[in-house]
Amino acid sequence: MDEDREQQRYERAHDPSRVLVLSDGVCAIIITLLVLEVHVPEDLHPGETLLTELRAIRPSIVAFLISFVVVAIAWVGHRDLFTAIRRTDRMLVWLNILLLLPLCLLPFGASLIARYPTDAVALRIYGLLLIAIAGGRAGIWIYATGRAHLLYDPPDRQFRRAGVAVAVGPAVAYAVAFGIAEVAPTMSMVIYGAVPVVYFLAVSFARSTSPSGSAEGDLT
Amino acid sequence: MDEDREQQRYERAHDPSRVLVLSDGVCAIIITLLVLEVHVPEDLHPGETLLTELRAIRPSIVAFLISFVVVAIAWVGHRDLFTAIRRTDRMLVWLNILLLLPLCLLPFGASLIARYPTDAVALRIYGLLLIAIAGGRAGIWIYATGRAHLLYDPPDRQFRRAGVAVAVGPAVAYAVAFGIAEVAPTMSMVIYGAVPVVYFLAVSFARSTSPSGSAEGDLT
Amino acid sequence: MDEDREQQRYERAHDPSRVLVLSDGVCAIIITLLVLEVHVPEDLHPGETLLTELRAIRPSIVAFLISFVVVAIAWVGHRDLFTAIRRTDRMLVWLNILLLLPLCLLPFGASLIARYPTDAVALRIYGLLLIAIAGGRAGIWIYATGRAHLLYDPPDRQFRRAGVAVAVGPAVAYAVAFGIAEVAPTMSMVIYGAVPVVYFLAVSFARSTSPSGSAEGDLT
Amino acid sequence: MDEDREQQRYERAHDPSRVLVLSDGVCAIIITLLVLEVHVPEDLHPGETLLTELRAIRPSIVAFLISFVVVAIAWVGHRDLFTAIRRTDRMLVWLNILLLLPLCLLPFGASLIARYPTDAVALRIYGLLLIAIAGGRAGIWIYATGRAHLLYDPPDRQFRRAGVAVAVGPAVAYAVAFGIAEVAPTMSMVIYGAVPVVYFLAVSFARSTSPSGSAEGDLT
């Protein structure tokens, strides 16, 4: 009975549910806060129409859309991972908070590239945030999927590799965009926008070609 | 036993609970963020009173109220649908994110028509957002209610049709408002404001005339 | 078995859990958004210190504190009520959304009295919001506690009366503050600030004098 | 049976789940709102680059990071505590709301020290908020861990002492920072930034040196 109680206390201390509520909450807030950086044109001077003025804020709309999809992908990946995780330990709680940090900075980064869409410094800061998000995601996958006592099922190498691949893949592309931001800022922005599309197609392809019930089939 | 484990893993990967937390969070944030677009009059010049100045921000209050009800109806419809859904698959997760996109843009749209209440471009952008929300809702209903393995009960044609109808109905009205925005901007705005009222009455009527236990009776 | 399925479907359609998540989310967001109306003094001119400038924003801090407590009391009352409610029906879902409306407008109202602390119009708009919140709360209590099929236990008259009393009491005080806003604006503001204190003491007193296990004992 | 019903009602009225949703929501919103105080440089004048302008907003980034970690630690401590708590009573609900108050004011405090990083008044207000957060946390620990009927397991003196220590320790450091804000503002800021690091190391050390299964081992 005393052992039972010990076990229950252990389970409660390692219950991931509040980590999920916090993470879902942060993701929900960020995708809605992002729109606050899309400013309604203030005054129409003679010869201006709302349409011409809206064209002027196009960079902020592009930044919104890219950032929206970045958060959506991060959230979906987070959800995928935590379908395999049964318990969180101290390290996992803090790794998760570390992942939330660049996510919370994303509205600032989006605002920066919306205001300075061709400035290498703005593009690089945004790129660093994207790399940090991908890195944080990979870190959590590697940490959690390698520890049997945190998982529902025995560690699954293939699931682990698939999860890390879908995090590291984008990070590599972002690093390239970071590198060329000075010489080819437009290309850099295009990469930020294209990665989610490629990501989506790649995961779809991996799912469709993998045998049913395999690890890739669980990626959303 | 191995099959059991497989089944449990399948259920966890298709558990809709986090999709609901994210959606509820987004809806809660949007209806509260909307008020940030209602600006307190900054300075009272001689001859002005707060009352006259508040009249000047009436468009932003109207935009707030319309948008509040739009989100409320979207949330209620979302809740209705997910009382029938037992599992989410990859497609449903992404369809849901696609529905959140125009919802997240709604504060921008509301701000736009609050600032330019008679500008056709502003009215049309707002209309597009409303149509996208209704379309996203219809898409989720059609996708989910046609797949038995995602539902608690066998697909119910009547429930499906009712759910699509209450999404498509408003969309048609919004399309009309979109069309006439140039020639009759005030009428366009009136339609945006009237749709929720008509919607509410229509659902009430459908419920009261339908036999108890029927599909329409479950619409909120 | 068919009846079982019908029953389960009924229960799912009347499950209050998402109503609670939405309400908790809105309350959490409002108490945090309120602080955005407390503006940091922009520039210190010669002869000014941060302390003198902070005194100038005292009204906005007072408005923040009053509004914070108003939302806290509304949330606690909401929680009290939903400890008795087992099911929500269509009417209750919409009554709850109606209660969220003035809550969502509260940051605007707080901003208004922070900017115009002695203006009768500002004070009355704020008062109307407080009355609407109290009224919405009373409406939900009256509706829900009178319907046995929505409750865990048979309707409890005393619990009902206690719940309505703690909602109507403040509303009466707010109505007085509304009435005197023109002739005695400062007194009006004092009432808004004092009601939560009196409320808290009254509930404490009602709890301490009621026999253990009685209805008042459940009020938080 | 009547006693059963009484017991169930008692459990529902003391269920902590909504307190947790509200607290998680508030923490999620604050860490995301904090970034709104980091402003993108508006215009680049001749001779300025984005990099030089970003250096100018460094204080706001530092304030963001410190505040982010403060909220993260408060949330982690909250989660630790509520793994031991089975029921909440009236006092605990209100103590928790009292803890949320300084948390909600943190974005204002962060904005203040970002704008006036060397002003003693700004530093002291921020310090007071940190002390209030630590104090609120200690208050909840002391109240809850001393009441057997609120806990899963019998009160554990060691767990209680550990929880209070990790709350009071930082508070003492903040009080020092508060005291020296006038004579050594930079040192004051350094303390605010260093406490989380020391905190983290101290908890790590306490965990690693404590026997497995002991109270300190449960601190996150």
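Per-chain numbering from 1; labels A, B, C and D assigned in written order.
The rule is simple: a residue touches a chain if its C-beta (ideal position, glycine included) is under 8 Å from a C-beta of that chain, and two chains touch if they have at least 3 such contacts.
Everything numeric here is computed off the predicted structure, so don't read it as measured data.
Under the contact definition stated at the top, the chains bordering both chain B and chain D are A, C. Centroid distances from chain A, each centroid being the mean of CA atoms, peak for C. At the interface between chain B and chain C, under half of the residue numbers involved are used by both copies, so each side presents largely different positions. A rotation of 90° superposes the C-alpha trace of chain A on that of chain D, rounded to the nearest 5.
Rounded to a whole number, the gap between the C-alpha centres of chain C and chain D is 25 angstrom. With centres set at the average Cα position, the gap from chain A to chain C is 36 Å.
Chain contacts: chain B has residues 21, 25, 28-29, 33, 36 touching two or more partner chains.
Those residues of chain C that touch chain B in the complex are listed here as 5-6, 8-9, 12-13, 15, 18, 21-22, 25-26, 28-30, 33, 36, 90, 93-94, 97, 100-101, 104-105, 107-108, 111-112, 115-116, 119, 121-122, 125.
Residues of chain C touching chain D in their complex: 20-21, 24-25, 27-29, 31-36, 38, 40-41, 49-51, 54, 64, 68, 72, 75-76, 79-80, 82-84, 152-153, 207, 213, 218-220.
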